[in-house]
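Okay, so chain A shows up in both of these, paired with chain B first and chain C after.
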Partner chain A sequence: MRIGVFVCRCGTNIANTVDTEAVANKALEYPDVTHATDYMYTCSEPGQQEIQQAIKEHALQGIVVAACSPRMHEATFRRAVEKAGLNRYMFEQANIREHCSWISSDIEANTRKAMDLVRMSVEKLRFNQPLFSSYVPINKRVLVIGGGVAGIQAALDCAEGGLDVVMVERESTIGGKMAKLDKTFPTIDCSSCILGPKMVDVAQNDNIHLYAYSEIDSVSGYIGNFKVGIRKKATYVDWDACTGCGLCTEKCPAKKCYDRFNEGLGTTTAINIPFPQAIPKKACIDADYCRYFTKGKCKVCQKLCPTSAIRFEMEDEIVTEEVGAIVVATGYDLFDDSVYGEYGGGHYPDVISAMQYERLLSAAGPTGGHIRRPSDGKAPKDIVWLSCIGSRDASVGRPYCSGICCMYIAKQATMTRDHLPDCNCYVSYMDIRAPGKNYDEFVRRAQEEYGVQYFRGRVGKIYPKGDRLIVQGADTLLGIQIEIEADLVVLATGIEPSDGARGLAEKLRISYDDYGFYMESHPKLRPVETNTAGVYLSGVCQGPKDIPASVGQGSAAAAKVQALFSRDTIETDPQVANVKEIACIGCGKCIDVCPFGAIQWKTLRDGSQKAQVLETVCQGCGLCNATCPPKAIQLQHCTDDQILAEVNALCG
Partner chain B sequence: MKSEAASTPEQELRIVGFLCNWCSYGGADTAGICRFKQPTDLRIIRIPCTGRMDPLFAVKALIYGADGVLVSGCHPKDCHYAVGNYYARRRMEVLKRFLPFIGIDTGRFRYSWVSASEGQLWQQVVKEFSEQIHRLGANPGLHEKIDVEASLFLF
Partner chain C sequence: MAKRIAYYPGCSCSGMAIEYDQSTRVLCDALGIELVEISDWNCCGSTPAHSYDPLLGAALAGRNLAIAEAQGFDVVMTPCPSCLRGLKNAVKVYEERKQDFLDLLQMPFSGRIRIISVLQLLYEDVGPETIKNRVQYPFTGKAIVPYYGCLLTRPPEFAQFDDPENPVSLDELLRAVGATVPDFAYKTECCGAAYGVTENDIVGKLTGRLLDMARRVGADAVGVACPLCQQNLDLRQSQVNRYWRTKFRMPILYITQVIGYALGIDSERLGTKKLFISPDALLRDICKHFEKVDESHLG
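Up next is the complex of A and B:
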């Protein structure tokens, strides 16, 4: 092999503390090096041309550039050598800036170190092989998991671009948490008025296929070619026949069922449609409450249904969909406020969560939009909001800020003053966090125009007195103890990842943080991608955010999918594991350790079992390589030979 | 081990670093960008993930005369490949216990977790480990006492 070495001076960044000329001269002594020089800015246009010229003049077959970190310019130089006709993997970069010239001012030691680093790169390069990408076709369908506002936005944007969308929603209707809200901050838009039309669009768009009351059962495959098993949970109603007339829900005798949509504030029937604007507007039987399922006889709905849609014998069904990309928009759940025993959430009927209060405010809620205490149905005279319930509190394992509570408290207090002008509204807060557009103005308006009384501090205890509640706490700004007699206490519960988020992450092979929020590929520069190619994030599943941010991320995820699908094939990274079949002993250890399911069995003609790498799934971590007992599986471009060549260059 | 006379503090020793591309290699870059001064003994080999780290790389380096081996990767739970560093952690722990059996001081080997943003931590790790290796002095030279090629056959 004929190797060329180019030592970059990087202006003075390297040349000040490394004798680049000496490094280049020394490089000529290394095996296979036929050309070595130093240059002012190797990454510049003329610098790259110099490399390309040298490749032609000296018939070079491999290039080492000693310059900055490969994390910075490896792609630049690979393109440059490729333009000169070399394979882009016949290139190595020695990091003599970040790891050498910048961390010591000892010129002699740095120069020695730079020589070693160049030597290591040369020795590795001698084992490099040209690698070639393969191209695989893309299945231009997208799966959206979750039918909240983030998922709806992603689905609509994709469908508008002409893509086939498969949407999977766990509940029997799409709409997510936003559908439960009465109004949205800071504009006091009616939530269902702005979300409703979008939900209808999903139902009416021919490009969107909606699986409601369904969950993801399994995911296999890779970017461009995922195979997804979807479990259609038994609704006990034939949705093709059901017209959503609602007769069954009127006549169902099991009337005291927990109303999930209304957060348990009211009751509902065992066969129900969650709310009037539900999409799809189809009935669904809750088997935990249905008299037929619990007691063995009833079937009133079956007798009444005008279209004979009831199917008590229905079972879960698994359907398989093939898609090319996946948008995860699984949203959030709310913190369980009963963890704070001192506040009596779940114990005192008039201590409710903010989402329950939202249902009280809603015209479609259990009280028809009139604010009434759950205990006795009276209109409250004094309401206290407590902020940061399950936010910014390490003692309950939720040290992060949920980001939306300060704003929805201001909204709910404002709405309350509108509904009940005589009602006193108190807010206990830690800090007010209102960093969005028009957000702080909104909070100020609640305080100044609506007379909501904010006090900074923490409430220590809530206890009943007669039919009212005593809220005891401290105002830390005034430095006094506070005691408020309230009719109703609203706990501003924070956000936590959706129930089942971790299980889904494991099916999708994406990572999640300590709390279960999905990890983006880069916190700043790749906020929508995950580390599994072809899986994108949208909405609160990635971290707490409000509606505008969720919608924004939904559109961003859709844009990523559109960009991926604008090509017909995808180029695979050839730096993947490769099995030398003759050495493979078929132990299957690589299959066990692979975090991506990228290795599968392959049966040869003689019947023996060997490992086979799915190039498109392999992410190139090399875990299999380190695991393989006979070292039959090798990570291309980072083989054992290459690493040991570097070790030998140092210790030989 | 107590051959301090053999090495003066000025004498440069040979430390081989195996750093994962996503976290620690980036952390070392960050330390460079921030100009955090470090001892110059370390030479870094870039690997995609600490899960790629075959313990034999460390053993071979030490047998061939490296004075120290440092492995560093993403913090547990932060692995770019989800679980690679968990495998690495187990392997490195086993390796640590194995080293005395082949006559290598455990102090010559260390693994650490440094993220791409922790330049300062990286500086600290390099300083501490380099000082430790200087205290241990040059590798007494297992490679001179045994037939390296023959013994490597055993692995």
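Up next is the complex of A and C:
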């Protein structure tokens, strides 16, 4: 092999602390190296041309560039050598900047290390093989998991582009958390007025197939060709027949069921439609409360239903859908405020969560939009909001900021002053975080125009006194202890990942952080992608966000899907594992360790079982390579021989 | 349940709170737990020691643990929350600065000994259910509010017992002896602690609030597990009354006295006579319904 070595000075970044000329001269002593030089900026246009010219002049078969990190410019140089007629994998990059020149100012030591790094790259390159991508067709259908506003946006944008969309929502209606909100900050838009039409669009769009009251059962396959098992949970109502007339919900005798949509304020019936604008507007029986299921007789709904839609014998059903991409938009749940024993959430009826307060404000809520406290239905005269309940508190395992609470507190307090001008509103805060467009102005308006009284400091205790509550805390700006007598206390509960988020992540083979938020591929530059090709993120499942950011990410995920689907095939990365069947002993250890499910059994004609790598699924992590006892499975471009060559270069 | 554990009474339980010590000993005896007083135990150092020198203070408390370990015990129990904190702190400092600690201690120490309060012993090792089954004279119809004070469950990483802000162990033990347990919002609020000596008004104010809340939730008595809390609520109740111009006469009983009495132990042996606000009327009510009871000991 004829190898050319190019040592980059990177202006002064490398040349200041590494003698690049000496490194280049030394490289000429390494085996197979026939050309070596240093250059000011190798990545620049003339720098690339110099490489291309050298390939032609010296008939080079492999190139080593000693420069920055391959994360920075590997793609650049691969393209450059490819243009000069070499296979792009006949290139190696030695990192003598981040790994060398930037670390120490000792020129002699740095130069020695740079020489070693170049030598390792040369030795590895001698074992490189030309590699070629293959192409697989793409199934141009997309699955959206979650029917909140982030999922709705992604689904609508995909459908708009003519794609077939499958949407799966675990509740009996789409709309998510936003459907429960009364108004939205900072414009005080009515939440259901701006979300409702989008929900209707989902229902009416021919390109969107909605599975409500369904969950993801299994996921297999790979980018362009996923196979997804969807569990349609038993609703005990034939939704093809149900017209959503609501007669059953009026007559159902089990009237004291927990009302999930209203966050437990008020009750609902065992057969119910969560709210009037539900999509789909279909009834669903809650078997935990239904008299027929709990006591064995009733069936009132069945007798009354004008379209005979009730099916008590219904069971869960699994359907399979094939899609080419997946958008995950599973949203969030709210922190359980009863963890704070000193506040008495879930214990004192007039200590409620902010989402419960949202339902009190909503015209479609249990009080018809009148602010009435749960204990006795009286209009409150003094309300206190407590911020950061399950946010920025390491003692409850939630050190992160939920990002939305400061804003919704300002919104709720503003709305309260609007509804009940005589009601005093107090807010206990740690810091006010309102960095969005028009956000800080909104908080200032609550303080200055609406007279909401903010005090900085934590509340230490809440206890009842007669039918009122004493809120005891500190004002850390004045340095005094304060006590407020309140009729109602609203706990501004923070965001945590949706219940079941971790289980779903394991099915999708995507990773999540310490709290269960899904990990994006790069925190800044790939915020929508996951590390599993073809799976994209949208909304709060990736981290706390408000509505505008969730919608923005929904559209971004849709754009990613459309970009993927704009091609008919996808080019696979050839840096994947490869099985030498003759050496494979069929132990299956590689199948066990593969985090991506990329290895499967293959039966040869003689009946023996061998491992087979699905090239499109393999992410090239190398776990199988390290695990394989007879070393039959090798990661292309990073084989055992190549690693040993590098080690020998360094230690030999 | 035959069990042998090391017992660390601490200074308050050998002086001001001798009745806490007495009732703890007789109750444990009745429950089949043998308490072996740590031989030649010394003061845990309390606040002055760790304020003066944290390492020296820890080693001072640690000496008691080292003796208990040498005597072959794996559990040491103390009724006083402040001693409990001092002993637990010794293990914490030992783990952080092993060599310095051992140099001062000059005794072998493994740091593996378990340190618990009498409340934790009763709640976790004995259990409310066992106690309930052995009750002779239930406190039926009597409302006793549980008062934990600030130190028993906090700081949580230190106490590692019950919920730091809304503990329930004392509640459940009181319920086990048949008492009504009202919701007591001040169960972990401060009584003023040692300010009783230097800033009497602070204790007057804080303890007064506790007694006022106890009265408002309908308490006949307060159940406590800390000698200092007991002292502020009981001994200083007349000072509180002067401060607030109130007329509280609220008996303040140690949990060990309440359980002991319910189990049929003679009140003389439980030291109820030592209390400033006499609980006699309350206790007499309890056994009024039981004919066979010999009332002579009730005084």
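One rule holds for everything that comes next: the second predicted complex is superposed on the first by the 648 of 652 C-alpha atoms of A that agree within 3 Å, B and C clash if a C-alpha of one lies under 4 Å from a C-alpha of the other, contacts with A are read in each partner's own complex, and residues count from 1 in each chain.
In this section, a residue touches a chain if its C-beta (ideal position, glycine included) is under 8 Å from a C-beta of that chain, and two chains touch if they have at least 3 such contacts.
These numbers come from a predicted model, not from an experiment.
Once chain A of one complex is fitted onto chain A of the other, the partner contacts of A:448 are absent, as it touches neither chain B nor chain C. In the overlay built on the shared chain, the residue A:45 is in contact with neither chain B nor chain C. When the shared chain is aligned, chain C comes close enough to touch A:464, but chain B does not.
In the overlay built on the shared chain, the residue A:341 is in contact with chain C alone; chain B does not reach it. With both complexes superposed, B is the one of chain B and chain C in contact with more chain A residues.
In the superposed model, A:625 lies in contact with chain B only, and not with chain C.
Those residues of chain A that touch chain C in the shared complex are 340-342, 344, 395, 461-465. Residues 69-72, 95, 97-100, 102-106, 109-110, 112-113, 116-117, 120, 509, 511, 513-514, 531, 575, 593, 595-596, 619-623, 625-627, 635, 638, 640, 643-644, 646-648, 650-652 of chain A touch chain B in their complex. Here chain B touches chain A in the complex through residues 12, 14, 16, 21, 25-26, 28-29, 31-33, 35-40, 43-49, 51-54, 57, 60-61, 64-66, 77, 79-84, 87, 91, going by the rule given at the top. Of all residues in chain C, those touching chain A in their complex are 156, 163-167, 183, 185-186, 188-189, 213, 216.
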